[in-house]
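You will see two complexes here that share chain A, one where it goes with chain B and one where it goes with chain C.
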Partner chain A sequence: MREFAAIYLQQFRTTFASFVQYRASMLIWMIWHILEPLVYLVVWSAVASSGAGSVQGFAAQDFSAYFIVLMVVNHVTYTWVFYEYEYRIRHGGLSGALLRPIHPVHADVIDNVSSKLITLPMMLLAAGILAAFFHPVLHTTAVSLAFFLPALVLAFSLRFIVEWTLALAAFWTTRVSAVNQAYYVAALFLSGQMAPLALFPPAVREAAAVLPFRWMLSFPVELVLGRLSTAEAWEGLAAQAAWLGAALLLMRAVWRAGVRRYAAVGA
Partner chain B sequence: MRHLRLLMVFVRTSALGELAYRANFFFQLLQSAVELATAVAAISVVFSYTDTLGGWRPDEVLALVGVFFLVGGAIRVVIEPSMEQLIESVHDGTFDFTLTKPEDAQVLASIQRADLWKLTDVCLGIAVLGIALARLGTRVGIAQVAGFCGALVAGGIIVYSFWLILATLAFWFVRVGNILVVFQSMYEAGRWPVNIYPRWLRFGLTFLVPVAFATSVPARALAGGLAPATLAGAWGLAIALLVLSRLFWRAGVRHYAGTSA
Partner chain C sequence: MVAQEHPFWHTVTMPPAAHIAPDGSAVSAIDLKKTYTVTEREGGAMAALRSLLRREKTDVEAVAGISFHLSPGEIVGFLGPNGAGKTTTLKMLSGLLYPTGGHVSVLGHTPSRREKAFLRQITLVMGQRNQLVWDIPAADSFALNRAIYRVPEQDYRRTLDELVALLELEPLLRKPVRNLSLGERMKCEIAASLLHQPRVVFLDEPTIGLDVTMQRRIRSFLAEYNRRSGATVLLTSHYMADVEALCRRVIVIHHGRLLFDGELAGLVRKFTAHKTIVVQLEGGTADLSAYGEVVSASDGRVTLRVPTPATAGVTGRLLADHPVTDLTVEDPPIEEVIEQVFAQGAT
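Then we have the complex of A and B:
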């Protein structure tokens, strides 16, 4: 375990140092993560203020709060590995990672955390600026705030493992962009990115709760907004933990089957 | 005319290359269709809670989605691949070969690569526009269609000039591939009516990254809600940007040193 921690620390140092070199392009890429929730914030605020003043209990300022918090949580939990994995497999870059005496997932965890450490302060600044413009109203309670941190860590872990497993589809097909798009669309609606889940018909809400999507993004946001009771918060944490366990088992199985197929072309 | 013939030559050569991978066409069509279905689903969720969005009725927003796909597809077919190629060729020095050809280098650089399968976006955009038109019905007359075409061409020129200016920065900064992300992400905001955005963002989407002129303005013209002054303004901006991008281009080419070829 001590050895493992040392490996993590050393890998983290080198990755972080190399990422600092690319801070400008990282800032440019952040525009995606700011603009998408901002667009939906504006759309839903316009809907709320054009009608009766609120939509399913969301007034314009509640939408502001929802999407600003969502922006931060989405940034903390997002991953990009499933856009790169096909390249690694096709060009044989994975071969080097396989030679190391440690599972390749760890290097990706460190990549992810390093890059977030660089961009997160900027994201919090962006959230602050947007808050000044859109006057969000939070109903956060001490209890929901206490649940937030574990929920966020679990959401990050769950999303990371699910999306890392998704990336392994590249072992079987070169059409990963179609696979990634299907996942993106499902996540757009079911994880609360496009609208709070409360706004969808009951069937969609059920699907979002049964599938892992709500637990990867929407759940921590709902906690900060103070929309969940203590019982619901416990249930949520349990659902997150259960899905995380299932996703880890799935990842192991898919990884083993995939590596057996790997032919290391071009390496 | 000669430039048009040149474009057809480039299109034909990239078609010959692409036809070896015909299955890609079906996958591209599938992906475009999914993207369109996603956009329509998002609209229907929004309009299940309201009748108008910033004064736009559902069919008008549908027309906007059609324009969004049409223009976005046109960008992805020729502008985006060509500009990426331009940046790359400045980076590795092969831009020399473009300069030595007996034709205007800006024209060559702007049409040098075409990604034909992305035409699926253009076709689906036109289809959605047709559906929206049919639903808007008699409110759309000759004047509206003329205004729409005028606004669309102006929007196209504005978008092209803006991309060219961004890509031309490669002559000074070499590694600018990431800067294209600025337009791509801002363009996503264009799928909703520009007037719902707060003033500072509307200003940004109109003048800093001119997305509105390529999406909201033509769609508005179709529904008949476009003041002649706006159309004139769009054309004024189009001509100004075209001239500016030309100046940028010439300054850039003068600065180009062709180091590594």
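Then we have the complex of A and C:
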């Protein structure tokens, strides 16, 4: 365990050092992560203000709160493993990783976490500025806030493992971007990225609750907004944990099959 | 002697017996096979359309049943023309590829299982495959490898100091890897690959694209590493100078089949039926075509190609019949021998 911590620490230093070299691309990602929810925020606030003052119980300020919190949560939980894997397998970079006595997922986790640590302060600053303009209203309680941190960690873990597993499609097809697109569209609707899940018809809401998407993004946001009861919060954590367990098992199986294929057809 | 300057090598212990295959070899391949299935089609639009419906699949035998054993501490050259199956074999030995048939054992492990205990004891250095992180100084990549391979701090320091001294890495360590030249990067790659002091080292073209000085440096470094660490080394190279300098034994494959396994000198004997005799004559060039095939003649210096069994006789007659001031008998250059081996293997 201590040796593992040493690997993580060293990998963190390495990743941190190389990320500093990519300030520009990091900035572009961040702008995208601010702009996308900002567009939804403006659109939905306009819809709410033009009608009866609210849409399904969401007033303009509720939308502001939802999308500003979503922006931060999305930034913390997003991954770029699809692009990484497509490149790695096409260009044979995976061989080097396979020769090392450590599972390659670790390096990717640390990559992700260290880049987030660098960018999070800027993201929080952006959230603060947006809050000054859009006057969000939060109904956060001490209890819901206490649930938020574990929910955020689980959301990140779940999203990471799911996307990492899907990225392994690169072992079988050179068109991982197609898989990525299909996944992105599903997530756009079912994770609450485009609109709060509460606004969708019951059928979609139920689908979102059964599928992993809500637990990767919407759930921590709902907690901060104070829209969930304590019982619902516990259920949510349980759902996240269950999905994470399932995703880890799936990842293991897919990884093994993928490596077997990679080793069979030529690296 | 470099040995005194670099005492750490002596601390490297040989693999315990348990890590060696029952037959005592560090690496063994028995009837090793690898077949790839590839889809093929003719050029042109019609063929492209046809291939949508039905793909022509062909099996390509990259390695067609080769067997060899490497003893612990041996340094062996692995030769063959492009596409002979060398890299495929190295990948099977290091666990990157599953064999289609046969049996492989490296330090008592089955490579394709990729057990951590196995991976910690081997290394595969491939031309441009990077151990190094592109955007940061090599020193940081080294530190990462130390953590991943769990090298104790003290061992790491000592090994790193040695590698830095032998490969002259000092001025390179702090520069981002992308700013290094090809040769500088290769030296750093090799250092990164050896920091965990692997017992088995696979090298695929370690000197490719490097200038002669750099080649020589890497060559002498590898010889030192092998001699002092007792590591088993299997190396492919297109530069015969590498092979001549490092390997007493060579394994030659062609079209996935073993052509030769034995001493380099034996390869020369087996595949060359000729020797080269160079004579320096007093009083200018004479016609020596009666003694053998004249390769060149100028300024009294004549080069003859003579069938090996006839060498002694021809030499005797030359000395008796002509005013010879100097005479040497040589094997043909190793490149020529290898060319001949491949040519024979192809038929």
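Operating definition for what follows: the second predicted complex is superposed on the first by the 262 of 267 C-alpha atoms of A that agree within 3 Å, B and C clash if a C-alpha of one lies under 4 Å from a C-alpha of the other, contacts with A are read in each partner's own complex, and residues count from 1 in each chain.
Basically, contacts are C-beta pairs under 8 Å (C-beta built on N, C-alpha and C of every residue); 3 or more make two chains touch, one makes a residue touch a chain.
Just so we're clear, the structure is a prediction, and the values are computed from it rather than from any experiment.
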First, second, both or neither for A:Ile7, with chain B first and chain C second: second
First, second, both or neither for A:Ile102, with chain B first and chain C second: second
Chain B versus chain C as contact partner of A:Ser18, first or second or both or neither: second
Touching partner for A:Ile129 - first (chain B), second (chain C), both, neither: neither
Which of chain B and chain C A:Leu188 touches, first, second, both or neither: first
Partner chain(s) touched by A:Ala257 [first = chain B, second = chain C, both, neither]: neither
In the complex, chain A residues that touch chain C: 3, 6-7, 9-11, 13-14, 17-18, 21-22, 92-93, 95-96, 98-102, 259-260, 263-267
Residues of chain A defined as touching chain B within the complex: 24-25, 28-29, 31-32, 35-36, 38-39, 42-44, 46-47, 50-51, 55-56, 133, 175, 177-178, 181-182, 185, 188-189, 194-195, 199-200
Complex contacts: residues of chain B adjacent to chain A: 27, 30-31, 34-35, 38, 41-42, 45-46, 49-50, 52-54, 178-179, 181-182, 185-186, 188-189, 192, 196-198, 200-201
Chain A-touching residues of chain C, taken from the complex the two chains share: 36-37, 88, 91, 94-98, 112, 114, 116-117, 119-120, 122-124, 126, 129-131, 133-136, 140-141, 143-144, 146-150, 176
